[in-house]
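Letters A, B, C and D mark the chains as written, and numbering starts fresh at 1 in each.
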Amino acid sequence: MANSKYAYVRNFELPDPLLPGCFLVCRIDGHSFHRFSEEHAFTKPNDDRALQLMDHVAKDLMSEFKDIVLAFGESDEFSFLLRKSTNLYNRRNAKILSTLTSYFTSCYVFHWPRYFPDTPLRYPPSFDGRIVLYPDEHAIRDYFAWRQADTHINNLYNTVFWALAQQGGQTTTEAHATLRGTVSAQKHEMLFQRFKINYNELPARFRKGSVVVREKVRSCKQWLLDLNEPEDAHDADDLPEPIKPKTSEIARIPFKASQRDKSKTTIEVMHCDIIGDEFWDARPHLLAR
Amino acid sequence: MANSKYAYVRNFELPDPLLPGCFLVCRIDGHSFHRFSEEHAFTKPNDDRALQLMDHVAKDLMSEFKDIVLAFGESDEFSFLLRKSTNLYNRRNAKILSTLTSYFTSCYVFHWPRYFPDTPLRYPPSFDGRIVLYPDEHAIRDYFAWRQADTHINNLYNTVFWALAQQGGQTTTEAHATLRGTVSAQKHEMLFQRFKINYNELPARFRKGSVVVREKVRSCKQWLLDLNEPEDAHDADDLPEPIKPKTSEIARIPFKASQRDKSKTTIEVMHCDIIGDEFWDARPHLLAR
Amino acid sequence: MANSKYAYVRNFELPDPLLPGCFLVCRIDGHSFHRFSEEHAFTKPNDDRALQLMDHVAKDLMSEFKDIVLAFGESDEFSFLLRKSTNLYNRRNAKILSTLTSYFTSCYVFHWPRYFPDTPLRYPPSFDGRIVLYPDEHAIRDYFAWRQADTHINNLYNTVFWALAQQGGQTTTEAHATLRGTVSAQKHEMLFQRFKINYNELPARFRKGSVVVREKVRSCKQWLLDLNEPEDAHDADDLPEPIKPKTSEIARIPFKASQRDKSKTTIEVMHCDIIGDEFWDARPHLLAR
Amino acid sequence: MANSKYAYVRNFELPDPLLPGCFLVCRIDGHSFHRFSEEHAFTKPNDDRALQLMDHVAKDLMSEFKDIVLAFGESDEFSFLLRKSTNLYNRRNAKILSTLTSYFTSCYVFHWPRYFPDTPLRYPPSFDGRIVLYPDEHAIRDYFAWRQADTHINNLYNTVFWALAQQGGQTTTEAHATLRGTVSAQKHEMLFQRFKINYNELPARFRKGSVVVREKVRSCKQWLLDLNEPEDAHDADDLPEPIKPKTSEIARIPFKASQRDKSKTTIEVMHCDIIGDEFWDARPHLLAR
């Protein structure tokens, strides 16, 4: 890029470093996905293929960018948590934002045929993104609680709305009118009375969103070493339950991060509660440096 | 997004408006395209398919975002000029940057099979982007001169380099050594003497890069009206030459922007000089508001 | 400042360069000057001593910071224009802002006794400041027009208001009520009919605010040289009128900036119109680089 | 400020809110105080009057701005800590920065005659300022440790330097040469051997700098109430020692912040260690919200 006469124009490129010592959240949202979901005939209120595609993309991002320790997704959005000491691209705002959003988009289009084998893309979908800084664990907890509460509220509404429209014979205008002013309990009741739907038995993916988390795992060697280290021992009760994460709603209890720093990690998709303490208490590494 | 208890976390989202009255340049660059071009067997020094794909993507962006009036591309990068009075997304930096970069990426993956029908994508390519503000026409002219001068310097170097490597039997290390310290004239001479290549006869696309420009065109009705308006008349010499833009190196002379404000626009790809005045003098609308 | 163990805290100091190629306007405003003017018994509606003190401070700033080419003040505020190519403190926002505001404040307190010899300061006055970037001459012209129009509007209102209160026997509440909804012509009429005040004969300082400008002046040597350079000659009509700037309302016509680049400068206080073209046409150096 | 035609220029004033949830440190530094201290014949290496003036100014700032909970000063600089939940001026960067720097400057000039009754100001002194965000207590502790370590290093150096120059008959160039490469212990030794100065017996103000802290105090009424509230009682040992803060080097132990939220506060100047835990452990309110 060095041709001296014009190169002064680079002086207009101003630095944009993000404050050190803060967690980074990068939230990526689908652009005009209302139209996109209609053009590609997404199932309403939730399209399982579209959600699984989003989860796949989120896992790809976390495989590529090791400083992302957690992601949460619902509908056409995903939030990524980068650890507070990350030095990715020297914490340059535009570089991180544009790179993550670009790679997210690329993976989405790239993997589309796998999840929608019979529905070719009619046009290129796009996303926007933003990076928000959070100075402490408390705010991060509340950020993810905010998104999961939003998932619940939206999904409950949409579930009743589409039941009214698809099975109840209402127009969308009528369905909105029916729901106006109703509280949560009334929506549950409406679902059960009119449509025999027990909301709590719907798939956790729809109700809880997707939690994609970098988990610490122990190697076989470490496992054996641990067995021979009684001072470091823990009861069998502490061991992770053999729960399949994808269908589990309750948070797994992995080994404490402090025990093994050199431990490998895996990326797991869950649909569990992240508003309460259990999920976070079991994973102190998420909010460590 | 309204669930009051946690919604305070939105307070951490800070405004990021771009200064009004400045031109915006959004430059998008391929991420690790050295590797990407090798993995997908790009022709060296220039892969015509890859360049045409980039041009296609640039045109898509300009179709989607009307405030982009000009773009310039070379290799794996493209710069987009947004008119200085643009109010796209209320000039929010992250929103504009992430949306443009995302849509660029999406189009790239989406159109890939059309330009590389026999080369499936091996993995999702990505791009980074940045937005730079320029306060005046002079700086904008120099910005685009900077990029086109860069195109020339890089392409001349790469053309000799790959001639040495592909036809001259040199290793890449030897080729770099051969070129070390040579000036432009020596490279031209080397190409001609050793490889019978007249650099100036190579495709303009390689030597000049791609200029994608929103041109004003007159409707038939306006054309007829003009014929009957002698005070507004101009000699036939003023009419645009029927030059095919894609192969033309010299800038077309379109009608003056001031003549017809309601005129429609088309998006044209050219490979002409944009360092001199001719291109810009013929298109005053590019640097107007 | 180098003691390595803790020095990492400097990493939290983020760069804040101002965009190159833009004019800088630094506007400094009195903090709680409503109270301050009452505590120090300022004459209403205008205190000549206070305004002269402000002008003195503005001149001091321009003597100290050569890149300030123009200032405009009214009431308890002053705006300073820095030329667009200024590299003062490498264009660091906080450094420029805090230094200018601090020096302004210091000069105000320092010179106070000279303008208020019988009124000791009862407490330390303070100011706030902000820096705004303007990309072009047009916006700068409008910025200063905005401030001078504001001066006119405020001063006309205040002049009638205080006439009603001081001479008309109205309470301040009544005076506000009397003025509610009146347009400019009605205020002029009210002043003249009730109080025999011809608004246009009030001091220009009150009606136009203070324009502090860096003027180019010719040295004696240059003057003589010019006399012997007929090709560079100009009519005697071009010479500056011997108008005393402080009482003049019309803009002086100094020599054109382009004639002598090495010319010295002086700082002049005027009370002239800066909304029209005359002032600016006579001083092209103000909006040059 | 409402005159519609030009008021659009306000659109160039961009928002500059500081990230919520972070501590703010505003550091204010003397501008060219090397020259200023010479022009006003400051005693070297430390001028007690100048330091006491700085302390007075710092107290004034803390009286005026209740969200400043702590300040630390040395030489011609002072750092102010604003509690992390402060909403001063809606956390607008330029507003806070310019106001604090301005008021600091104003107080400095205002109080000058009190500390330098026989030395009139020869010209207006000025300061620059900056605001730095720190996301957590750890970084704040390190920030203040950084400044106090700096105080120590500078003062030790300056003490020996001026002893060499004033009593040792060295030129300043020779004195710098004598000190080049010496470590702390050597400087202590040099002071003691050559000049009979025991560094640790020099005034704490010089060695430790000035710590200005907002202390919680109990009213008489609360004191009596506490005597009757045995469940809330504490041993007499917990009571603050009747140490005169100005000469004390060790940190006082005030009541815990949590005990009495409605307690009044006083502003105290101390010269104690703030690198260790004692100072901070005794004042948990400083790093609370």
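The rule is short, and it goes like this: contacts are C-beta pairs under 8 Å (C-beta built on N, C-alpha and C of every residue); 3 or more make two chains touch, one makes a residue touch a chain.
The chain lineup, named per UniProt: A, B, C, D = tRNA(His) guanylyltransferase.
As the structure is a prediction and not an experimental result, all values here were calculated from the model.
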Task: Report which of B-C and A-B is connected by more C-beta pairs in contact.
output: A-B
Task: Matching residue numbers in more than half of the contact pairs is the bar here; say which of A-C, B-D or A-B clears it relative to C-D.
output: A-B
Query: Which is it for copies subunit A (tRNA(His) guanylyltransferase) and subunit D (tRNA(His) guanylyltransferase): same residues on both faces, with over half shared, or different residues?
result: same
Query: Which integer distance in Å separates the CA centroid of subunit A (tRNA(His) guanylyltransferase) from that of subunit C (tRNA(His) guanylyltransferase)?
result: 55
- prompt: What whole-number Å value describes the gap between the mean CA coordinates of subunit B (tRNA(His) guanylyltransferase) and subunit C (tRNA(His) guanylyltransferase)?
  reply: 45
Message: Please tell me the distance, in whole Å, between the geometric centres of subunit A (tRNA(His) guanylyltransferase) and subunit B (tRNA(His) guanylyltransferase) computed from their C-alpha atoms.
response: 35
- prompt: Of all the residues in subunit C (tRNA(His) guanylyltransferase), which ones touch at least 2 other chains?
  reply: 12, 19-21, 133-134, 139
Query: For subunit B (tRNA(His) guanylyltransferase), which residues are in contact with subunit D (tRNA(His) guanylyltransferase) within the complex?
result: 11-12, 14-15, 17, 19-21
- line: The residues of subunit B (tRNA(His) guanylyltransferase) that touch subunit A (tRNA(His) guanylyltransferase) in their complex are 1, 3, 5-9, 12-13, 28, 31, 60, 93-95, 97-99, 101-110, 121, 123-134, 139, 142-143, 145-146, 149-150, 153
- request: Could you please specify the touching residues of subunit B (tRNA(His) guanylyltransferase) with respect to subunit C (tRNA(His) guanylyltransferase) in the complex?
  value: 19-22, 84, 133-136, 139
